[in-house]
Amino acid sequence: MEIEKLQGIIEAILFTMGDSVELEKIALAIEHDEKTTRKIIHNMMDRYNNADRGMRIIELENSFQMCTKQEAYEYLIRIAKQPKKFVLTDVLLETLSIIAYKQPVTKLEIEKIRGVKSDFAVNKLVEYGLVEEVGRMNVPGRPILFGTTEEFLRRFSVQSLDELPGINQEQVAQFQEEAEDEAQLRLEI
Amino acid sequence: MEIEKLQGIIEAILFTMGDSVELEKIALAIEHDEKTTRKIIHNMMDRYNNADRGMRIIELENSFQMCTKQEAYEYLIRIAKQPKKFVLTDVLLETLSIIAYKQPVTKLEIEKIRGVKSDFAVNKLVEYGLVEEVGRMNVPGRPILFGTTEEFLRRFSVQSLDELPGINQEQVAQFQEEAEDEAQLRLEI
Amino acid sequence: MGIPVKLQVFEGPLDLLLYLIDKNKIDIYDIPIVEITNQYMEYIRAMQEDDLDVMSEFLLMAATLLDIKCRMLLPKEVNEEGEEEDPRQELVEQLLQYKMYKFMAYELKDREIDGQKVMYKSPTIPKEVLEYAPPVNLDELLADLNLRKLNQIYKEVMRRQDDKLDPVRSKFGTIEKEEVTLTDKLTYVEEYAGIHRRFNFRKLLETQHSKLHIVVTFLAILELMKIGKIQIEQESTFGEIMITSMVE
C-alpha cells in the first residue's frame, strides 16, 4: 500500500479514537512493524506543521494522540468549552513534582522531603488522575509506590518522562553550586 | 489573516467538537461572514479528498461535521478487535479482595482500608465484570454499595458468598451495620 | 525581629526555614543556627495553630534546630575518616532537596500553562466498529488467581490496616494508677498459657486493659521464657508472635 493511504488510515485511527493509541496497535492495524509505523507517524507529525492544519500528533511514551495546536486556542474557546480543570495549588504542585522526579516513590519518602504529612495532597493528585499507584515496595508493610500518569504528561505538555525539565540528579548538584555561588557573591560584595 | 491559518482554525474547531457545528458559530469564531466561511470550508472539503487524509467534512443543513472516511473502517475494526491487555495489578487484586470479603461495601470503606483513593480500581473491576453495584446505602448521599458478580462466583467456583473462606452472611450484615453507624457518625459531626 | 501581624501561611517547617533563610539573606551552607532557631521559635509561638498534627511537625523541626544548636556548642564530632562533621549538614541537604522540588514545581506550572491551550477530542467510534470490541477475557485475566490467593491478599491488606492502628496504644484510654505485681502477672500468664497451650502474643496483650498491665505482662512473658515454661516464635519480621506453653 502506498504511504499516503497508510497516513490516511493512521489519521483516521487517531481521529476516531480521540484517546491515545498505542504504537503497537497502530502497527498491527496497518500491518507494518513498529519501527516503520513510528517513522510514518513522525513523518505525519512534520506535515502537520503546515499552517492550514489545526491539529498535531503528540507522542506519549509509546502511544500517539491527536490534539489541537496551541495557536488555535483563542479561536477555539469561542466555541468549545474548555474541560473543567481543577486548580493545582502550590502544595499539590510541590507534591506532584516530587512524584514526577522521584517516581516510583512512597508516601513516606514524599513526607520526608516535604517535612509534612502528605496524605491529602497525594490523594487529591490520585483523584485528579495525575498520579497513580504503580505497585508496592518490597519491604515490610509493603508501602504503595506512586508514579505519574499519561494524563500528567498531557496536562503538562511533556512527551515523556525523559522530557521533564531537568529531571536528573545533576539538578541537585547545580542547585548546590548556585547556592555556593550566591554565598561567594555575597562574600565578595 | 491568511486563508491557510483560517483553515487550520476551522479544522481545529471541527476536530475538537466532534459533533456538527453550525456555520454561524464557525463564522463568528474566525470573524468572517458566513458566505466566506462556507467557501473556505468547501475548499477544505476538496482537499480532504486526498488519499493521505483519513477524515472528511460533511455538510448537514447549515452545519459541518468532521468524520472518518468510510475506507478507514476496516482498519478501525482491526484496532477494535485487538484484544485489550487486561492485567490484574496489585492494586486491583487488593481492591477485589476487599470487595469480596467485605461486601456489600462502599468506595469510602475501601479507601479507608487501603488508605488511598480507589475510584480507578473499583471502576476497572466493574468494567471487567467482577464487581457490580448491589444497592445503595440508606444514608444521606446514598453511596453505592459494591459486591462481587455472579461471574466472579462462577470463576472461583463458589456456590454462594457463604462459601468464601472466612466470611459469612452474619459478618456481612454486621459490616453493613457498622458502615451505617459510621455514616451516621459522620452526619452528626 | 518583629513578627508581622498577619502571619504568612507556611506549608511546613522546611518552608518556614527557607523563608527565614531567604529573608535574612543567609548562606544556606553556613546557617547562623542560634539566630535562625530564635526566629523560628518566635514564629511558631506566634502561630495560632490548633491542629496538633500540623503543630507537631513544626515542633519536631524546632527540636532538630535545638539539637543542632547544642551540638554546635560541643567539641566538633569527627567521622570515620577523621573529618570534622558539621551538625548542620543533614538539615542543609534536606533544605536543598526541598528547595529543588519547589523550584521544579514552578517549572511544571509553566508547562501547565502551555498544556492548557491544547484540546482533545472525545472518541467518536462508529457503531459498526464498536461492535467488534472484544469482551474482557476473564480466562486470561484470572489465569493464576484462586480463592486461596485472594484470601491471602485480603488478610495481608487487613493486617496492614491493623498495623497502622497500633492495637496496643489505640486502646489506652485513661491511665489509672494501680498496683500490679509481677508475681500476680506470672500466675496469670502461666494459667493463660495452661488453658490456651499455643496462642498469639497480640491476643494476650489485648486482654490487658492498661499500659502498666501490658508492661508487667510483657515482663512476665520474658521471665517465663527464661525459666523455660514457654517458648516464643516469630516466623517473619513483623509477623505474628506465637507463644507455646512448655508445661505438660
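Lettered A, B and C in written order, each chain numbered from 1.
By definition in this document, contacts are C-beta pairs under 8 Å (C-beta built on N, C-alpha and C of every residue); 3 or more make two chains touch, one makes a residue touch a chain.
Just so you know, these numbers come straight off a predicted model, no measurement behind them.
K.L.:
Whose Cα centre is nearest the centre of all Cα atoms in view?
P.N.:
A
K.L.:
Please tell me whether A-C or B-C has the greater number of C-beta pairs in contact.
P.N.:
A-C
K.L.:
Report the inter-centroid distance (CA atoms only) between chain A and chain B in whole Å.
P.N.:
Once rounded, the distance between the two centres reads 21 Å.
K.L.:
Between chain A and chain C, tell me the centre distance in angstrom, where each centre is the average of that chain's C-alpha atoms.
P.N.:
The mean C-alpha positions of chain A and chain C differ by 30 Å.
K.L.:
Could you work out how far the Cα centre of chain B sits from that of chain C, in whole Å?
P.N.:
About 36 Å, centre to centre.
K.L.:
Would you pick out the residues of chain B that each touch at least 2 other chains?
P.N.:
12, 15-16, 18, 68, 76, 82, 115
K.L.:
List, in ascending order, every residue of chain C touching at least 2 other chains.
P.N.:
Expected reply: 119-122, 124-126, 129.
K.L.:
In the complex, go through chain C and note every residue touching chain A.
P.N.:
11-15, 25, 27-30, 53-54, 57, 61, 94, 96-109, 111-112, 114-126, 129, 156, 160, 163, 237-238
K.L.:
Quick check on the complex: what are the chain B residues that touch chain C?
P.N.:
12, 15-16, 18, 67-68, 73, 76-77, 80-84, 86-88, 93-94, 96-98, 100-101, 113-115, 127-130, 151, 155-156, 158, 164-166
K.L.:
Which bits of chain B are touching chain A when the two form their complex?
P.N.:
These residues of chain B touch chain A: 2-5, 7-13, 15-18, 21, 25-26, 28-30, 50-55, 66, 68-69, 71-72, 75-76, 78-79, 82, 89-91, 115-117, 119-120.
K.L.:
Quick check on the complex: what are the chain C residues that touch chain B?
P.N.:
119-122, 124-126, 128-130, 132-134, 136-138, 140-142, 145-148, 150-151, 153-154, 157-158, 161, 164
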